[in-house]
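One structure follows; several queries about it will come next.
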Amino acid sequence: MSHNSFGQMFRFTTWGESHGPALGVVIDGCPSGLRIDAETIQRDLDRRKPGQSKYTTQRREADEVKILSGVFEDDRTDGLRTTGTPISLMIENTDQRSKDYGDIRDKYRPGHADFTYHQKYGIRDYRGGGRSSARETAARVAAGAVAKLVIPDVQIRASLVQVGPHKIDYSRFDWDEVDNNPFFCADPVAAKEWATYLDGIRKEGSSVGAVIEVVAENVPVGLGAPVYGKLDQDLASAMMSINAVKAVEIGAGFEAAELTGVTNADEMRAGQEQPYFLSNHAGGILGGISNGDPVVVRFAVKPTSSILVPRQTVTEKNQNADIITKGRHDPCVGIRAVPVGESMMALVLADHLLRHRAQTGREGGIGHE
Amino acid sequence: MSHNSFGQMFRFTTWGESHGPALGVVIDGCPSGLRIDAETIQRDLDRRKPGQSKYTTQRREADEVKILSGVFEDDRTDGLRTTGTPISLMIENTDQRSKDYGDIRDKYRPGHADFTYHQKYGIRDYRGGGRSSARETAARVAAGAVAKLVIPDVQIRASLVQVGPHKIDYSRFDWDEVDNNPFFCADPVAAKEWATYLDGIRKEGSSVGAVIEVVAENVPVGLGAPVYGKLDQDLASAMMSINAVKAVEIGAGFEAAELTGVTNADEMRAGQEQPYFLSNHAGGILGGISNGDPVVVRFAVKPTSSILVPRQTVTEKNQNADIITKGRHDPCVGIRAVPVGESMMALVLADHLLRHRAQTGREGGIGHE
Amino acid sequence: MSHNSFGQMFRFTTWGESHGPALGVVIDGCPSGLRIDAETIQRDLDRRKPGQSKYTTQRREADEVKILSGVFEDDRTDGLRTTGTPISLMIENTDQRSKDYGDIRDKYRPGHADFTYHQKYGIRDYRGGGRSSARETAARVAAGAVAKLVIPDVQIRASLVQVGPHKIDYSRFDWDEVDNNPFFCADPVAAKEWATYLDGIRKEGSSVGAVIEVVAENVPVGLGAPVYGKLDQDLASAMMSINAVKAVEIGAGFEAAELTGVTNADEMRAGQEQPYFLSNHAGGILGGISNGDPVVVRFAVKPTSSILVPRQTVTEKNQNADIITKGRHDPCVGIRAVPVGESMMALVLADHLLRHRAQTGREGGIGHE
Amino acid sequence: MSHNSFGQMFRFTTWGESHGPALGVVIDGCPSGLRIDAETIQRDLDRRKPGQSKYTTQRREADEVKILSGVFEDDRTDGLRTTGTPISLMIENTDQRSKDYGDIRDKYRPGHADFTYHQKYGIRDYRGGGRSSARETAARVAAGAVAKLVIPDVQIRASLVQVGPHKIDYSRFDWDEVDNNPFFCADPVAAKEWATYLDGIRKEGSSVGAVIEVVAENVPVGLGAPVYGKLDQDLASAMMSINAVKAVEIGAGFEAAELTGVTNADEMRAGQEQPYFLSNHAGGILGGISNGDPVVVRFAVKPTSSILVPRQTVTEKNQNADIITKGRHDPCVGIRAVPVGESMMALVLADHLLRHRAQTGREGGIGHE
């Protein structure tokens, strides 16, 4: 049991606070012999990095990753390789400006973990939210980059599909558009509209929520296990562990409640080598196990809690007060959650791939395979 | 790591197939000295039991629970008590009618785990779905009844809040109505409308999805832990592990995406002894830790996959076929998911209460508590 | 985390008390497709069964195992097969004679868990020791029989090598002798001497300790992992978890302390396909990982604590008293620990074989393999 | 499941190789509010540090620990305090001299993990043993220093009690002597004899094994749990996880095999408030649970495998060769295992103390407590 670890066979443990000297992740269970380099990990980190547009926090962090262990290179290895031992990755914090947070030392920010951390632990690192800061997701993204090495054939992509009340039009959905706008949005028209909308939100000193869709293609059949090792269960857990996430759905999700058994059924047809499905309401998972279709997950992120509009709150001493959260924050923290969602998908799939290997040795064979 | 266990400190492991001799659960970590009896567990099981109305499967199971271990009674204990050792509960299967399922031996039922189990394991117990049957949830409900002994002050209730496209009207919400209709519905007007609607669905040989809301009141502040031990994360995992669940949300859930930071903020005011919240968009959880407000979870259940309308599928040998799933099924499996949702809430809270105890010994004290 | 489970990928959970209705085990993670039958499991249980000679307890238990889940058979499976779902095994208690234990209700038996259970849990099932009874080992032996299906090429054998101060002569060691005497002893001469010695001990109403040696041959190279997943670490944990065990050693064990680096070195020579070792002080494990040589474990069992000689103790109310433990006990509980040791070896190796599979997928290959 | 983590509630994960940039440990589950400082941790690290006498390796490492997360200080905390979030500790490697190890790139050193790592992972960091180096124990000692904060009332001490064939005389045992000689030996006379003996061993270019005894006093009654959460089981696992350890025993240990039930019984007498024991063959543990008496563990360390005497081995290409392991090694690696043994004891006890808290909430009470 660990409060700061995730995964079973591909297991990672994150550490670090927003305003401490560094944050990092230890990955345990990564197979050996995989080619790895800091540049690949850095590329994923750079996508999540703050300060890249006016729609994300202006905090500027280099977010430079260092590989401290678990890799080796000599003249025979053809580059740096994983060795099967724990991979320790560290990112030093460089732009902390602790003074920005001094005035919230005694007050609980609504929507933040201030109150609950203080109640539970009797002490809290209030500088930038400490452990509850979205900065922790940098460690996930670094781990996710390693996870992708374990599942090289799986393609994972994500798009912002809703900002506030504004949803994308799926008829315009184009993965190639995701990197053409500051929102990781697959609908270029929606992206333009969101720009205007978010400018307004930002100027009001407010913030807004969002929905992210993550899709994994080419997932092998068989990942996941009944009954409490379901792939969708672990995906739900993974996405809900991201800061500010309040909802998760797989495939048809909440819409499935409205469907009948007739319309919801993903009918099957015989294929060349394998049967295939005529629809994917299931989101690629049946009975908790991947069925070969794209794994589709959506999750909702609440609006950033740190806003410039004054809100009512209380002090640590249980006295009424108002609060404005200054500092540098995302008007829509959901934007930066897009690469984080991809990383969590990679981490869950890598873990289940390794688990699957262990489960399915069938010595002695069996008749009707 | 275990595919069939859930929880960390209050940990349960279920076993059994739909058409095997029995199913059961082993609970490990239940504190000692709690008064327990088979009747209390039976009462919860009876709420979930099939065959209670025409809206649930006509399979008739006594679902009689036996306590096989972990309890003790003598003239000093004032009744049966838990001893701190594993509590083994068993329910024998009595009404199995295996013949009903013989014709689906070779075909995959759309929406079921048939295809994925077969692909993963190379063998499947097709009788009633085997391990993937909703019968497994009886074991959860039995375990949940024990979990409730650990959190006697917490009140957990649930209501069906949507059947197909028909939602309840929250202005009529009344917990006292839940046991007055066959749908566990807190809105008596909606319940009547659903009766008519579901009669139609049943006669069509179809089925329909549903949404369940579970609310836990009087939850102590402090349950849950950053970052991968979040209470909402475990609730999402718990609910998604229930058969046919496709979506989970906490508090405002997906609606949070549409809100601004100003409207979503749960403002605080100073109370007599503790501060209190003016709203509960958070669903009782901040930063993964309970804040003392009601914990609110909703989850969506897809329509029962076993329907009498023929659907296209393939055989195990990858040949096209049509299939009708005879047998005795629920037109809306979401109904029986209501008590299951309550049980999962109890199991998660009991686990986190025990974990909380371990985490919060603060020897040596600290200044600003 | 579970106090009553062992293993990671091949994980079992035992439950049950000495004088409850039954005891059992749930095995989670057993691969699918393995041929299994109750007879094979029964055969192992019968070796451990009490009442087989005057040197073991006269309690007579049928110890008949029932397979309740996790298996399936139809006309295509060529017998009963595992399905990959949890295998639940149950053994009903038949010969309990609870009255024998009535007079120890209020007194702590020296060397038993009575005092510590009572202190920890505030309640104890004193009938036959409850959960602390050696009867729990029947559940392990049943699980071990299933574990052996996972490692069919590994040969596991054990011998009693010391009873009280009397050790075997290794020059007479012959595995074929183990089943020719009531002590599972590979030295037939020692077995005869022990018979006389143990008759004396039994007549005195006393008991005596023992040492067991377990050897696994044909173990694949590579099982185990640095640093806290060492094979020897798990073997130590496994053997120490058996009732009354006070010491465990691997290979040269405590004798290694007396050796120099020169004599202790297991030198290597080039073999036809693989290198081989000229000695096995390591007991088949280097750096926590199996090296292909026989895995050799020895463990010491203390004398049975239940004896007929009066000993000083206290009551639950902290008053001085004397105690004689009547009932039917083993004069040397180490004898029946022999098959238990074999089972624990099988359980650890099966678990590590499955773990090994997950760890060693090396996609992308590597140069110097 | 994690191969590089230990503990359940107080759980630590180590990472790092002998010749990588750094090594470290992440501690998860440490309660909040404990006063902590780098100096306290450093003090324990300095005891284990190499290069302190001619009897340990001449490698000179500053072993300077940095606290990277999990702590906080402001004007209200009275010094640095733990916050309940993961504590990340890092020690940079400074004196690596990789060239020393270049010639063992292609050969397996007998007694080392070279062969098994290579077989398992297909790649190995041969520089100083990489992950299998005893340098990993620095991370344990750092973690152990934090563990001691959780159990401030428990006193843990250890002594080397045997070097090669030379045992201490327990009649001269004096804890105060431990820090007066370079062997952490409680018998000053033995320490002098060992000095002469080890000088000889060192000059021969050989090495020798040792036995360490660790004693924890003032351990609360009730730590540990039946059946696979036994305190002695976890202690066995902990000690066996230390590099080069081949044997572990609790209390009377292997000697218990020679005793009768009459002599082995730890009789009890009524005390003022609690009963007490007249002897401690049990080593402070009954039925897997601490009984309040000193917890006594001994473990054997094999002789350092790296010696200057040529030994036969093979190359990676399975060709015969001789090998001398140059570099800077301990003639008796058991010496530096003394503080490591203390640390492992602290880590196991801290973990079980936290587990105990979770297990023993007895809401509703019970009559005969």
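Miscellaneous remarks
Order of writing sets the labels: A, B, C and D. Residues in every chain begin at 1.
The criterion applied here is as follows: a contact is a pair of C-beta atoms (placed from the backbone, for glycine too) under 8 Å apart; a residue touches a chain by one contact, two chains touch by 3 or more.
Here's who's who by UniProt: A, B, C, D = Chorismate synthase.
The model shown is predicted, which means the values in this text are computed figures rather than measured ones.
Same interface as A-C, judged by over half of the contact pairs sharing residue numbers, among the pairs A-D, A-B or B-D: B-D. More inter-chain C-beta contacts link the pair B-C than the other of B-D and B-C.
Inter-chain centre distance (chain C to chain D, centres taken as mean C-alpha positions): 26 Å. Separating the CA-averaged centres of chain B and chain D is a span of 44 Å. Distance between chain centres (mean CA atoms), chain B to chain C: 38 Å. Each of residues 1-5, 8-9, 14, 29, 32-33, 77, 81, 84-85, 117, 120-123, 131, 225-226, 355, 359-360, 362, 366, 368-369 in chain A touches at least two other chains.
Chain D meets chain B in the complex at residues 1, 9, 29, 31-35, 76-78, 81, 84-85, 149-150, 152, 225-226, 353-355, 357-369. Residue ranges of chain B in contact with chain C, taken from their complex: 1-5, 8-9, 11, 13-17, 20-24, 26, 28-29, 32-33, 66, 68-70, 72, 74, 77, 81, 83-88, 90, 105, 117, 120-125, 130-131. By the touch criterion stated above, chain C contacts chain D in their complex at residues 1-6, 8-9, 14, 108, 110-113, 115-117, 119-123, 131-132, 136, 162-165, 201, 204, 206-211, 221-222, 224-230, 232-237, 239-241, 246-254, 256-262, 264-271, 273-275, 278, 281-283, 285-291, 300-307, 309, 311-314, 316, 318-320, 334, 355-356, 359-360, 362, 366, 368-369.
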